[in-house]
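Okay, so here's the structure we're looking at.
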């Protein structure tokens, strides 16, 4: 089908967000130091991941940071073959959801494992990484 | 106030739209030829601007093109001093709504007239312009 | 309290509609629905527009569509429940009648996804989860989210890639009977199985396409419905629920809790059981989603979805035919239009107007199952001929 | 049919809230509203989120906010009616109670406009009209749209720039009494008059700022309200209307037809007249908008808005006090939050809890006037103590 007549907009819209992390920047600070931490409500003891400065269970707003350790167990996984525009330089990547002791889970890349070779229940370790610009993120690797 | 900690997204989202004009491209074609036309419903005679291939009055979908002529009368106006991001290169511009014979109105830049010097009821003429890339648009000028 | 009926339906052709802008596209189904209902537009007190937006130029679509179709002046708003925006629009229109606000209301679902390029569409959909925790660093896509469910389901219940491909074959089989579908060609199991992997183990033929399209329903109170039509289709049960934005926080990955909740509410309100349903649409944005829907809706037990597929129970002639319009897979999935499109299809089926894809209607009951995101939203609605 | 009351209110601080993300910001008002209502979150059957979005990272805000505040599982959807999104959320929550769907519902309005830079915010707002015909080639901004009305009003009725500046001075006067307002400092007429021109003849001090903020109301059926609170504030009249996306198609430029329609419907439903209102909020995204609101709401005749300003009739102590919370101008205008914020303010006023900005309450009637876009949407709501 030949392309139909169109008005090709000459007004591109570019959005780049500055997302506030004042309440939970300790997570990223700890990650830089190699620790994987999250929030625990001081009122009801609820531990959440991602970290939240307010408790979704009791609505309390006092919390402490707890260390989740490095050990995690693979729950489910996939491998992205068709990436979004802003990840076009990343090639194909495996993504996993893994659980920590205490029950909370996190989603991250699973480095060095193709999805076909992954198995649910596989023992993993969470590790800190940083982008060329220094910004921190975390990945799972085989334990 | 110093900037609070933020996650500065590294994933800019850029949107640029291709807007279909199959049904009404004759408007832009005519404009290139210096004519300012719009649609008239063949069923109920309703003339609309902007042009529509379906009639908002009787819901008929048959229409013909009618020439609105060049003459227009200034209804209201303003001058944009703080422009949106995608117009940052345009400086300040006067915008007008003006009426054509038969009653339809259009919004466009009013060239060569500062808002302070404009007067409602002023006689205007609509003229075709084109961007450096050749895309057509229209402006009002003093008659 | 009054009952509410669908009294008019309209549906555009779905597909890559580079021939129309958002107003023109919405008009196609609005015009049909107004004609079908035989209603004066001035009597429509409320026009609810379901659209997710972002991939087309207009940011106030309800207003743009209203102007184009001569509906300016009606009460209006846009609703968004991701891929269930259309069902949210139907529900909002339904509520506005039940609450006595108006006798006649309209729900329009419309989306134009092809005004940006494909990687940008993939990006926009991928961002619709937990942006900060699952997109910014990990570039999740929609196929990838559903693949996490597919893998868990396969691991727990032995569901296979072939089972999923069979659902795709079924979609195309019925899409070929729907003149408004994006894909109207049957496919072989082999073709589905051999298609390109997009998020392992989901392939191109496990995934619905990017689509443009619109669908519209006109709803009316009992009194107005009796005046307007001899074939009202009643909304008998509306169930809806929601779940977390972060997939890492979900209870399980073998079903959608929000869908189970929404179904329970809809069945309870309609006082019907899953086995009473003559015809259903299920939200098959991915084949695994349709398979989980069978289970979440109670059409079979958890884990037995693949068995239903293998035994053809959701085919025309099977125990509960599902997606005889081709589903999202073959009909197309213009995000905001899909829920309304489902309402249109079930209305056609219950009216007996579905032609060569008509299901046998015994109890006069139909169901729509419409999921927003990856179970972020769920809307289940039960329709009835009586 | 039951009546519906506001039984709980919450309101974040408005302003440049770079200290919180969208979930944290919404939580601030949700928590207050839940506490104020004394309601169990499990009893809230429907959570409607009003947010225009685009300037913050999350594209399914209803789900993100629900997860953060422990509301996942409730029915939910996002509604958008541009700058009237908050009022549309209140109306949708109200409808869900009237329709018997739930006894208790919540409307959350939330917006984060400062995660992108200012030119990008200006761009996003400017695009919210008719993109193709008024933005793509002409770069319209929101101040420019309202300036077209201001010029017409000045030309027809002799309204002056000074009249408009007086409205700004009034906004700041009462903003200084609102600890949650973005600007809490009084200003002089001279300062307003000398501020930078943004779209002739509108100046910086004619315009509301870009803001972050959230507001929440909990609504309940008559029966639930009586159980939950001794100070219910009843929703007595809900009026809404819409107009064209293209400004070139409007009937006139000296008032908003949609606002006039919405007001007529709200007054008629509530069986009250403009003169019965003790306290109102008017949508003063620009000073000219507040002035036209006086006229469109029938507080004075068309063309006499400036006279009301000059004579102080909308000040505290005047005939009909308007925007004693500082209005959008001084309180701030986080798009989706504004309509809910208005509902919160009127509830406070009718409860007698507005402190040093408390209006005298004689008939127990308050009104909110919330405009989406430049009159693209209008929502007018009448609240009552009895």
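Letters A, B, C and D mark the chains as written, and numbering starts fresh at 1 in each.
Keep in mind that, in the parts below, a residue touches a chain if its C-beta (ideal position, glycine included) is under 8 Å from a C-beta of that chain, and two chains touch if they have at least 3 such contacts.
Bear in mind the structure is a predicted one, so any value in this text is a computation, not a measurement.
Engineer: Using the contact definition given at the top, which chains are in touch with both subunit B and subunit C?
Structural biologist: Both-contact set = A, D.
Engineer: Where the centres are mean C-alpha positions, what is the separation of subunit A from subunit B, in Å?
Structural biologist: 45
Engineer: As a quick test, compute the distance in whole Å between the mean CA positions of subunit B and subunit D.
Structural biologist: Comparing mean C-alpha positions, subunit D is 30 Å from subunit B.
Engineer: Measuring from the mean C-alpha position of subunit A to the mean C-alpha position of subunit D, what distance in angstrom results?
Structural biologist: 36
Engineer: Counting in whole Å, what is the centre-to-centre distance of subunit C and subunit D, each centre being its mean C-alpha position?
Structural biologist: Result: the chain centres lie 33 Å from each other.
Engineer: In subunit B, what residues contact two or more other chains?
Structural biologist: Answer for subunit B, listing residues that touch two or more other chains: 4, 6-7, 9-11, 13-22, 85-87.
Engineer: Hunt down the residues of subunit D that sit against at least two other chains at once, touch-wise.
Structural biologist: 18-19, 21, 54, 57, 67, 120, 123-124, 127, 130-132, 136, 246, 249
Engineer: If each chain is a dot and touching chains are joined, what shape do you get: line, ring, star, complete or other?
Structural biologist: complete
Engineer: Help me check something: in the complex, which residues belonging to subunit A touch subunit B?
Structural biologist: Going by the criterion above, the answer is residues 4-22, 25, 28, 85-87, 131, 133, 135.
Engineer: Provide the residue numbers of subunit B that touch subunit C in the complex, in ascending order.
Structural biologist: 7, 9-11, 13-23, 52-57, 59, 61
Engineer: Once bound in the complex, which stretches of subunit C touch subunit A?
Structural biologist: These residues of subunit C touch subunit A: 16, 18-19, 57, 117, 119-120, 122-123, 126-127, 130-134, 136-141, 143-144, 147-152, 155, 196-202, 246-249, 253.
Engineer: Considering the complex alone, what residue numbers of subunit D touch subunit A?
Structural biologist: Of all residues in subunit D, those touching subunit A are 17-21, 23-24, 27, 31, 34, 54-57, 67-70, 115-116, 120, 123-124, 127, 132, 135-136.
Engineer: Which subunit D residues qualify as touching subunit C in the complex?
Structural biologist: 1, 21, 52, 54, 57-60, 62-64, 66-67, 71-82, 85, 88, 91-92, 94-96, 98-101, 124, 127-132, 136, 238, 240-246, 249, 257-258, 261, 372-373, 376-377
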